[in-house]
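Heads up, the next two complexes both have subunit A, just with different partners, subunit B and then subunit C.
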Partner chain A sequence: MSNHYRAIDWNRQKRRYDLVLAAIVLGGAAVFLGVSAWVSPESTAETLILRTTSITSFFLLHVVLAIGPLARLDGRFLPLLYNRRHLGVTLFLLALVHGFLAVFQFHALGDENPLVSLFTAYGRDYAVLQNGRFQIAHFPFEPFGVFALVCLFLLAALSHDFWLRQLGSGLWKSFHLLVYPAYLALVAHVALGILQTERSPVLPLLLGLGFVTIASLHLLAAGQESKRLRASKLLASDGFIEVGTTDGLVEGRARVVIVGSKRLALVRHLDRIYATSNRCRHQGGPLGEGQIVYGCLTCPWHGWNYQPNDGCSPPPFEEIIPTYRVRLEGTKIWVHPVALPLRTSTEGPLVPGANLSTGTTSKL
Partner chain B sequence: MSDAFYLGYDDSMPPSLARFLGRVVFGLAFVAVVVVVAVAASQSPAEPGDYGFGVETPFEGVLMEEPIPLLQVGSGAGSITNYVLVGSGKFGLPAFALGHGGKRVHFNGSLIHKGDQQMIELNDEKSFSVVSDQREQRTGVLGMETSLSGELVDTKCYFGVMRPGAGKVHRGCAARCLHGGVPPGLLLRDTAGRSVVVLLSGTDGKKLDFDTEWAARWVKATGRLSVRENLPILEVERLELTEGP
Partner chain C sequence: MHSFVEIGLALSLLYAAVGIVFAVAFQVRGLGVVDSAARHAGWFFCALITPGVIALWPFLARRWLVVLQNSGKATEAAVFISPEALGRLHQRAWWVILFVAPIILVTALIFRPSERSLPELPAVLAPAARH
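Moving on to the complex of A and B:
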């Protein structure tokens, strides 16, 4: 759980994840090659490799983009998020093979540097207005592929926790938002490339379906989160803000609340209510969607732990998150928006009428 | 949130979660198969062609440099077969073969062909030799005035090096090949999907001077069409960009 630089740990679950990933990639590639060889037996091996790597990597990119909102909509998808970086690195490697082969196949062995030719072979068609007419169909598709490949390289190269520590989770997370421009660039790459060559309606239909699926999942997840966070917020004269009631906040569970401009995690542990930062020190995961495991608030993304009373990770780990003062008035929960000094130990208010619970999980 | 809380660093996950994920993975695999089958089945079949990459065959005949580099090979029956000549990679007739127009030459090369339309890649300079210095003249053929519209292709890729060797995806390669001197062709298709490539030359026995960035674009070529043995050739008087069908 520490973010010191070290080799990746493997366990049974990670190995399973990667085996399933390899099976889907290799199986999908084999099916694609088999059907392609039947439909188009005259295609060259290079064409088949180019198309196989493009379809597998683009499909994986859709999966990568779908996992985030799916996990927000239903926590049972969270295990897919745990090793999402393996998916990302795999799709980058497939895209790299595609890009390298495409540059060699279409631009090498000629009278111009292949990397220059890639951008200039028919450079006049960057002008979308020609003879007073708007002509986007002839616009070069290759630069979109290059842009996406550079983004995917950065995402794959920076995916290790070493870079997470060097950049800090905020900057690291911002870098990883590059996946969205990369996806849009690939949509343009496909739309201006193969869709201008193939006449079957299947390809544009699938491209559109993929885009609509990804966009809808993100909108649904955003809508659900916004609904969950919508609550009346009363401000007391001493600065405390009402964030809801103890109803529904069951033992060992947490909830995300908005206090002022911050998102905090509200957690019930041994029938006391604590408030901590919602942001995990690892990758900024939502601690308010976590649970108490072995007495610690545990991030749902990668299982990093924090003691709810002082925000400290259990020894020997050294990560700390801010904690906040909590007050109960009946069942109403009030939280002060100013963080306590780090490592300050507090005893959260006891839920009225509650007996000390033994909790709901065996790891409580 | 589900009761089953996932911890990736544990060796196992809660059974209810494992069952759910099993169904998710099965569904994902099913979607993956449907998608790849749909994409693969929607591809247009590449046209047949052949490229004897790495296979060197000896050829002897009369080399014609312009308007289109050709090797004219006579058979015993008096008929002639024309082979379009190109160099390695994305280049036209190589330097070592230049200046020998009209001479009988011998060399080893790799055969590229699509049906009757044949091409030789000259990739072995050491094997190139002039058999006879006496220059032979070939009389020109007066063609029929016509206009044709189709995709501008590089003949090397289209005859069989790349399959498919046309369309937008191949455009950068086609532009590179045409810029490197590979003879241009006009790809014509009929409504039944059959295709033929008409080689494009300039007038007065010269190479065609054209914009290589028009590669893979739809063009209209006006000029005189003739058929020289196995090769249709259009002497282009005017070439212009048009919109495709």
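Moving on to the complex of A and C:
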């Protein structure tokens, strides 16, 4: 956690993540290049690189889209989520190489500005309606690629924490929803482009499989979320909601709970139970998947800290998250959905059977 | 169509040119003002954020102006959308993809030309474009 920006906050996990990413991208690209050159020996080097960059970047886009729901469904995929921006930037760079090469190979060295030709070549030479028939192969597919590239550029250019702070997490995440129009545009780019001339069943099958995979993952994750929302119960009299029991709430570990329509982090620290907002002020990371480090609830994504009793970051940091009232009835945990005023210090209820004489020195 | 594309391209290049000039000024004078955490950031950080500065220069220019009017105190970014509204937007985006992506794929496969009538590419694209 730092109050000064660095270009990249390198740590061991990030280095490992990037090494694995580089190995997969370079290795996969090399294999594809080799196989393509063997299957189509007459293809030029530019064509092979065009195909390799397109297939690698499209594969990476599917991985990027799959990581979110995978991490919701199974916590073991969370490490993939932590540095997803590195995947996104790599994806954009590969797409940029593909775009440059395509413009150079198909639109440059002519008598027209290549960037203008990119949008007008098809309209100039083909008719979508020919002899009264709809010719889908004459539909300009390249503008879809340009649109997708612009979306991916914005995602990559705005991925640094500096932008998160300037735009605010709401606007920043809204920009990142551009990954969905980018995906649709790329499906159109491929479907109206190479699929019109390529007769092998492999490409349509891969496209279909990719779509089915990410759609299924998203539907499963949405179903799980709905189930959790329905499971949260309400105490009618004073508004507290039962969120579970102290069984399984391990000392020093947090848990995500649903309270009304909110996701909160429930944490056990020195045998007392505290409830805070689940959203880290940094990038909205899930505090409920974090743990207590040096007396602070620590976000699993980038290590930002918050004191569980009042939601404040330890000095000199100034970030604050809301905290919530917690009540214990036996082992049952109840949380009130209305947040306390910021900086309100509370002493969480003691877990039944906890020994007050041990571990009561506060590290807060 | 041709002139629309040329006008659009010219406007985009103008926007980018203004963005580049703004980026230089912003990196030299405005960066540390708008965000104190960027005050002693290195050149690599400045290089990393430059494409975004060029793309969003109107937004940053406004923020810089607001900070200057606020006696140099940087303010928190305004809340653009609540997490709940963002979640609903995310859901709607997915419902659109769920229906539109298969329609595009199936339509493209059903209506693609038979092998015999594959479209002839115009001279400027052939023969290099024969994959």
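Operating definition for what follows: the second predicted complex is superposed on the first by the 316 of 364 C-alpha atoms of A that agree within 3 Å, B and C clash if a C-alpha of one lies under 4 Å from a C-alpha of the other, contacts with A are read in each partner's own complex, and residues count from 1 in each chain.
Here is the rule we go by: contacts are C-beta pairs under 8 Å (C-beta built on N, C-alpha and C of every residue); 3 or more make two chains touch, one makes a residue touch a chain.
As the structure is a prediction and not an experimental result, all values here were calculated from the model.
Trainee: So, A:Ile194: does it touch subunit B (first), subunit C (second), both, or neither?
Mentor: The answer is both, since A:Ile194 touches subunit B and subunit C.
Trainee: With both complexes superposed on chain A, which partner does A:Tyr183 reach: first (subunit B), second (subunit C), both or neither?
Mentor: After superposition on chain A, A:Tyr183 lies in contact with subunit C alone.
Trainee: Touching A:Thr47 in the superposition: subunit B (first), subunit C (second), both, neither?
Mentor: Both partners, subunit B and subunit C.
Trainee: Tell me the contact category for A:Val202 with respect to subunit B and subunit C: first, second, both or neither.
Mentor: first
Trainee: So, A:Asn11: does it touch subunit B (first), subunit C (second), both, or neither?
Mentor: First partner only.
Trainee: Once the structures are superposed on A, label A:Thr298 by its partner contacts, choosing first (subunit B), second (subunit C), both or neither.
Mentor: Touch status of A:Thr298: first partner only.
Trainee: Which partner chains sit in contact with A:Leu78 here, subunit B, subunit C, both or neither? Use first/second/both/neither.
Mentor: A:Leu78 contacts subunit B only, not subunit C.
Trainee: Considering only the touch criterion stated at the top, classify A:Ala222 as touching first (subunit B), second (subunit C), both, or neither.
Mentor: So A:Ala222 only meets subunit C here.
Trainee: Which of the two partners, first being subunit B and second being subunit C, lies in contact with A:Ala121: first, second, both, or neither?
Mentor: Touch partners of A:Ala121: subunit B and subunit C.
Trainee: Which parts of subunit A are in contact with subunit B and also with subunit C?
Mentor: 40, 43-44, 46-47, 51, 105-106, 110, 121, 123, 125, 137-138, 192, 194, 196-199
Trainee: Quick check on the complex: what are the subunit B residues that touch subunit A?
Mentor: Listed in rising order, the residues are 1-13, 17, 20-21, 24-25, 28-29, 32-33, 35-49, 88-91, 162-164, 167-173, 175-177, 179-180, 213, 215-217.
Trainee: Which of the residues in subunit C come into contact with subunit A in the complex?
Mentor: Against subunit A, subunit C makes touches at 1-2, 5-6, 9, 34-42, 44-45, 47-49, 51-52, 55-56, 59-60, 63, 76-84, 86, 89-91, 93-94, 96-98, 100-102, 104-105, 107-109, 111-113, 115, 118-119, 122, 124-125, 128-129, 131.
Trainee: Quick check on the complex: what are the subunit A residues that touch subunit C?
Mentor: Listed in rising order, the residues are 2-7, 40, 43-44, 46-47, 51, 105-106, 110, 113, 115-116, 119-121, 123, 125-126, 134-138, 153-154, 156-158, 160, 162-163, 165-168, 170-171, 173-174, 177, 180-181, 183-184, 187-188, 191-192, 194-199, 204, 207-208, 211, 215, 218, 222, 261, 279, 284.
Trainee: Which residues of subunit A touch subunit B in the complex?
Mentor: 1, 9, 11-14, 20, 23-24, 27-29, 31-32, 34-36, 39-44, 46-47, 51, 55-56, 59, 63, 74-80, 82-83, 105-112, 117-118, 121-125, 137-138, 140-142, 192-194, 196-200, 202-203, 206, 253, 289-291, 293, 298, 300, 302-303, 360-361
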